[in-house]
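What follows is chain A paired twice: with chain B in the first complex and chain C in the second.
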Partner chain A sequence: MTALFYQSLPASFSLVEALREPAAVAAVRRTAPDELAREELLLRKLGPRGWGRVHHFRNYYASDWGENGRVLSPKALDAFFRFVEEAQFPAGGPSVFLTDRGGIELCWEDREGRPVQIEFTGTGAEFYQAATEEEGVVAFDSLAQLARRLSA
Partner chain B sequence: MSDAFPFQIPERLPIRIEPCPIVEAIFEARFVGLEPWATMPGLLFAQIREKYPEQKTLPVAQVPEELRRQDPALIHLPLIQFLSGRFLIQLGPRVVSLVTKPNTYPGWKVIEQELGWLLERLRTAGFIGETERLSARYIDFFDGDVFKALRLGLQVNGQPLKGLQTDLTTVLRRGALTIRLNVTNGAIVATKDGPKPGSVLDMDAWYGPMEADLFGNGLARFGEAHQVIKDLFFGLLTPENLASLNPVYE
Partner chain C sequence: MPLPPGEEIVRAVHTDKWDGERLSPSLFVGENISVSRLAIIPLADHWDLFRQHVQQPPERLLELIAQINVGRLQAIGRDRNPSVELTVEQKPEEWNPAHAEIPQRITRGLANKILPELTLHGPPGPPAMK
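Showing the complex of A and B:
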């Protein structure tokens, strides 16, 4: 690649533009670090449908979708990935939803067919486990522990 | 991905080098907006117009909003600039940045002061919600082939690759910071005297959403990212090259 700086534009802008060769625009882009691992994780644990829904929530929902819906919170998405990495889901995987407040929610049934739900938000995660009638809120640093508990 | 930081940082870092290779430094916050894009430039301009009276719309603003929002390469690009004598502020629907004027790096103390001022103005403008990413990025230009001056290079069959155009990108970790280092010896920079061939060292260091809060730890995070880039820069240079840059120490 040859980087060109144009006098009228800052390098931060023109460098990015310089990377956008026609082929790159159509099919190839430089991914963020960990992005590939995260995409693979989604495919493995949520399946192609789950992957597609998350992709959709990230790229196709602007502010005020639905009735005053918010865009997906970056913190919620990061927490979601951390949880999915640790969690074990039953065959078929969980369903995934975007919530009005910009959170992302996972729902599945445990081995006895009882529902488990967890919503990741910008401040933590809220969960409900029907088998134990337990519900609560956890901070981001407790997600791995919660994932192991809800996976059992 | 390895968390090891492969460069040895010199114990003493210069406070100044001459000639200064910094073309541009960019301090960027990506965020979730609380207001529609159409209102954001006005809300910001009302806060900064005394210091940044000029404005310029960038070409990507011509791309329809739907396309910009769905293309990961476009979503975080700025659409408008506000200019002052020393800095410019760039704004997009999910990004705001403070950028130094080309080839006139004012030093970290001046930048830190301007960042502090800008954060207060952004807070008052009230359109920034959650922080997605905070970064510092430095773009340096060197005459000739910079790989001769770095402790970094490309090898083929165990032998250094010399004399060819080489572009090298790698991602490093240091604590919670992610750093993308991009080096090329095939760059052209626009100067007052016309285009000039040479090399570019582009270092981008950022915190993700869990570690960054623009109005909480934002200024401190920018400072930490700046320091890590400074460490990396001096860790990359060979002692001979550093000496040729006339370093001044405290």
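Showing the complex of A and C:
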């Protein structure tokens, strides 16, 4: 019964079936175990625009982009996710930028409208707080503390 | 050779440094920041130049051109504590005879003083219909 049914299908069905080659299936990317949680975190803390920009920076900026731009550092990205998880941002969320040295940068304003910024690189995080005119670099193990200090 | 304080310089702003709301301070953080001189190539022609040689479509697009006066830039550096003596040095390249560089290291704090002084130019619109 099934065989008869299959034989009576139009040619277009056969074409679609033919396109389902194993090579196409093998090209599907596997995500990291915590990838879905990270995507949800970005949407919640940075909004659709921030989420979209991170997605673009991760997937479409190959090495040597721009003026000798470096590809986004995996260590910087990992630190970025850890910071975003801890930090509280004002309504509207921060802006996300890719830096030429392969870092990822967050910029927002405090309650008085003064800039707050942090750039995650492969070796640490560089921050700036206009309210105190303080700028500096912290190691990855101080991110949670920095997040609390810079949070809105 | 350093540029005189009266010159105007520009820097290309692409998608990675502009999200439609804020400008990334990293545009001016670091050493040997590339700029271009309006005294050699007019602003309108810089759009074509940057589109042809610097932007990388479809992802990295030229969004704005940021302009600042060399003398103003130097004054911002001098006002910092400690003061920074900024210069803009001619560095013509094959693809851009107007190319120049700011060789000194610009910190994030100093870049934050430069950003509000920039004049941002949007892309030129299509010619008016007759």
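Convention: the second predicted complex is superposed on the first by the 121 of 152 C-alpha atoms of A that agree within 3 Å, B and C clash if a C-alpha of one lies under 4 Å from a C-alpha of the other, contacts with A are read in each partner's own complex, and residues count from 1 in each chain.
Heads up, the rule we're going with is that a contact is a pair of C-beta atoms (placed from the backbone, for glycine too) under 8 Å apart; a residue touches a chain by one contact, two chains touch by 3 or more.
Since the model is a prediction, treat every value here as computed from it, not as a measurement.
In the superposition on chain A, contact of A:R49 is made with chain C only, not with chain B. After overlaying the two complexes on the shared chain, residue contacts for A:L41 are found with neither chain B nor chain C.
With both structures placed on the common chain, the touch criterion links A:Y60 to chain B and to chain C. More residues of chain A are in touch with B than with the other of chain B and chain C. Of the two partner chains placed around the shared chain by superposition, chain B is the only one that A:G102 touches, whereas chain C remains out of contact.
Contact with chain B, but none with chain C, is seen for A:G122 once the two complexes are overlaid on the shared chain. In the superposition on chain A, A:V138 makes contact with neither chain B nor chain C. In the superposition on chain A, contact of A:S73 is made with chain B only, not with chain C. Comparing the two complexes, residues 60 of chain A contact chain B in one case and chain C in the other. The touching residues of chain C, counted against chain A in their complex, run 14-17, 19-22, 24-26, 29-30, 34, 54, 56, 59-60, 107-109, 112.
Across the complex, chain B meets chain A through its residues 1, 23-24, 26, 28, 30, 32-33, 36, 58, 60, 69-70, 72-73, 77-78, 81, 88, 90, 97, 99, 102, 130-133, 137, 139, 165, 167, 169, 171, 178, 180, 184, 186-190, 200, 202, 208-210. Touching chain B in their complex are the following residues of chain A: 1-7, 9-13, 15-17, 19-20, 25, 29-30, 33-34, 59-60, 62-64, 70-71, 73-75, 77-79, 102, 122, 140. Against chain C, in their complex, chain A makes its touches with residues 49, 53, 56-57, 60-61, 65-67, 69, 95-101, 103, 105, 107, 115, 117, 119, 126-128, 130, 133, 135.
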